[in-house]
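Listed after this line are the structures, all set down as structure tokens.
One chain, chain A, appears in both complexes that follow, with chain B as partner in the first and chain C in the second.
Let's look at the complex of A and B:
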């Protein structure tokens, strides 16, 4: 089959197998929940179907390892796409397992919760795979629209609706900026295909300097919002605080990783020839993000807001890899991204388990957790130490490799700033740990246990944090192979 | 000098800005030179909405059900928009086109069934 311009189109639908499987699962979940009484199935069937669909999608995405094909010139299926498909599916599985107890108690729209979670995973996967500006934009919106609704699903909490409204309004503005920027890019490059834009920008005949600069600024602002880079981060703390905690965890993992997948695809692909025009913009963003994110985190008294600012700070570190983009920094970024996600999920799974028991989310509420539940205190401590970058945990190794690759990219001053910001971050992570270990528990001091799913989710993440920290070779190889197709 | 492609966009932008501004400016100039009369009237200053008299403030609240019905309508709306061109040429298309259209209608039917089951079509 050919398109209107006469290009041959490859319509192998099995290339989109994982996405199709997840969409069908999402529909099934929605259907099963709506007709739960007629079908005589229990509440637990809904997450079970979701996980089954995710496992099928995982197996389908593994079929395409070391392939390099495209679907209808819209989506690339290469190792990069496969890497992110597996990552996003894994995150969703962990979030579903870890949130089981929370959802049954506090979210009344089960079918909607799980199906939107699956749909936003589809959007994230397509963001990593897109090879056309419009496909990428639609993928962003599929992910974002699902997230806007998911943030509002904690209906018993008035902050949830407020957070969702702020998120959707600012998200709309960001999308408008991004689209406007893309239209400039289309004007300069003459195509929406990544490869053709790259070719048009690199032949150097373009005299459209100003439109390109405007387009780049708008694109970076739009994506900066999605990645919550300072000064586009204002929605992050509010959305993180108001959302149901599993969704906060999901936001900090998938939505962030998907944005970085897109940034890598764009800035290592179509926008690479214009590197002189955008390199300084991203480095300014990176410095602002890591400094302000980490400094404002110092004042937070709510654990969700603290983790929001800490994740903003982490985005600053990751942006450094975009500044000095190469196959080396790219693979370091992928490694750091996976390490960061495992670490962050470890902390969030711990916080969810804690919230299920106490219903509180202030940092002082963690007092004496080491006595009432030493295991949970250990999980949260390991996660926080890993975020701060302690040796033997995921955060140290991945951060070290990331910083080292940025130095060899010639941006030592960025890394010096990052190291200072990192030191600041240690202070506020230690504040939480201090509450858990140095104080006596207030009120009920009896020991308590997690639910089985709570143990499963926190245990898996704890093992992950240590595993990446001690033996990261498989992750490193995977990141290396994933980044290769972008730089050939 | 013929402006390049983006120069034309700037001209278009200027025209677009001038279009609504010009009548206001002309009206004001006519008033300044006492050519047009100035007779304010409360009815003249009312918001114009298709000739229907506006009731209440613009911050009035509407029942959210209107929104649900409008969304339900979109299902049929989209169906027609896409199926009409398909119906015109489907005789020339391969049999797979029929299957694809069936999948498309299936997705829309699913959306309708879901909305129906959730009570979006009932006025409560």
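Let's look at the complex of A and C:
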């Protein structure tokens, strides 16, 4: 088949197998939940169906390793897409396993919850694969719209609706800015295809300097919002605090990684010829984000809010890799992103298990956890130390490789700032660890155990944190092979 | 033919009005309407560029079509969330949404 301009279109639907599988699963989940009584299935069947669909999607996405094809000039299926597909599916699986008890008790509309979770995974996967501005925009909105609703689904918690309102209003403004920027990019580049924009921009754009600059600034503002970079971060702590904790974990992992996948695709692809116009914008954003994120985190008293600011700080580190974009920093960014996601999920799975037991989320509530549940205290401590960048844990190695690649990209001053910010972050992570180990438990001091799935999720993430920290070679190779298609 | 600058000036005025509305209005409904203005500016831009560019002219028009559709979906979704806030607080003013700070 060809399109109106005579380009051949490759309509091989198998290429979109994982996405199709997940959409079908999402519909099935809705159906199964609506007819639960007629079908005589229990509540736990719904997460089971979701996991099954995710596993099928995972296998389908592994079919396309080392391929480089595109679907109808809209979606690229290469190692980069496959890397992110696997990553996003894995995140969703972990979130579902680790928090289905939490979801059953504290989330309204179970079926909608799971099906929206699956749909937002689809959006994130398409964000990584898009090769046309229109596909990218629709993918962003599929992911964001699902998340707007997911944030508002916490049962009997008035903060949830408020968080969702702030998220949807600011998200709408950010989308509008992004789109306005894209319209200028379309005007300058003459096409919505990444490859053709890149070709048009590298032809020389001196006469169109102003619209391009305006477009870039708007695009960076819009994406900065999605990635929660300072000064576009205001929604982040509120949405993180108001959302159900599994969604907070999901926001900090998938929504962030998907935005970075998109940033990599755009700034290493269509926007690379204009690097002189955007490099300084992103470096300002990176410095502001890591400094302010880490400083404001110091005075937080709620664990979800603390982790929100800590994730803002981490975004600052990751933006450095976009400033000095190359295959080396790109692969370091992918490695850091996966290490960060594993670490963050370890902490969040621990916090969810803790919340299931106590129903509290203030940092002081963690007092004496080392006595009442030493295993959980160990998991959270390992996660927090890894976020701070302690050796032998994922955070140290991935951060080291990231910083090293940025230095060899010629931005030593950025790395110095990052190191200082990183030192500050150690202080507030230690505050939480201090509560767990240095204080006596308040009230009930009896020992308690996690549920089997709680052990599974936290255990897997703990192993992941140590594994990446000690033996990262497989992850490193995967990141290298994933970034290669972007720089050929 | 009308020069493209006229369209761009119109769209930037609309966009600026929308952005002002978002920053100045306190009612969630009016903020949503201001976002709609910003998205209308986007559509005008896309259609103007599509008309003035040769070649892949259609992609801009299709983009505008999708922007309109997605904007409608977004308003539906956001109104649902505003309704939830209204049920809890008896107001649609964003100032009432103040339990989450710093």
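Operating definition for what follows: the second predicted complex is superposed on the first by the 486 of 488 C-alpha atoms of A that agree within 3 Å, B and C clash if a C-alpha of one lies under 4 Å from a C-alpha of the other, contacts with A are read in each partner's own complex, and residues count from 1 in each chain.
Assume a residue touches a chain if its C-beta (ideal position, glycine included) is under 8 Å from a C-beta of that chain, and two chains touch if they have at least 3 such contacts.
Treat the numbers as computed from the prediction; the structure is a model and nothing was measured.
Superposition note: with chain A as the common reference, chain B and chain C are in steric clash. In the superposed pair of complexes, A:345 makes contact with neither chain B nor chain C. Shared-chain residue A:34: touches chain B; no touch with chain C. Of the two partners chain B and chain C, more chain A residues are in touch with C. In the superposed model, A:46 lies in contact with neither chain B nor chain C. Looking at the shared chain after the overlay, A:186 reaches chain C, while chain B stays out of its contact range.
Applying the stated contact rule after C-alpha superposition, one finds that A:169 touches chain C and leaves chain B untouched.
Overlap of the chain B and chain C contact sets on chain A: residues 187.
Of all the residues in chain B, the ones that touch chain A in their complex are 4-6, 107, 110, 113-114, 117-118.
Taken in their complex, chain A has these residues touching chain C: 4-5, 132-134, 137-138, 141, 145, 148-149, 152, 158-159, 161-166, 168-169, 172-173, 175-177, 179-180, 182-184, 186-187, 190-193, 196, 237-238, 241-242, 296, 299. Contact residues on chain A toward chain B in their complex (touch as defined above): 27, 30-31, 34-35, 187, 207-208, 210-211. On chain C, the positions that touch chain A within their shared complex are 11, 15, 18-19, 22, 28, 31-32, 35, 38-39, 41-42, 45-46, 49, 53, 55-56, 58-60, 62-63, 66-67, 70, 73-74, 77-78, 81-82, 84-85, 88-89, 94, 97, 99-100, 102.
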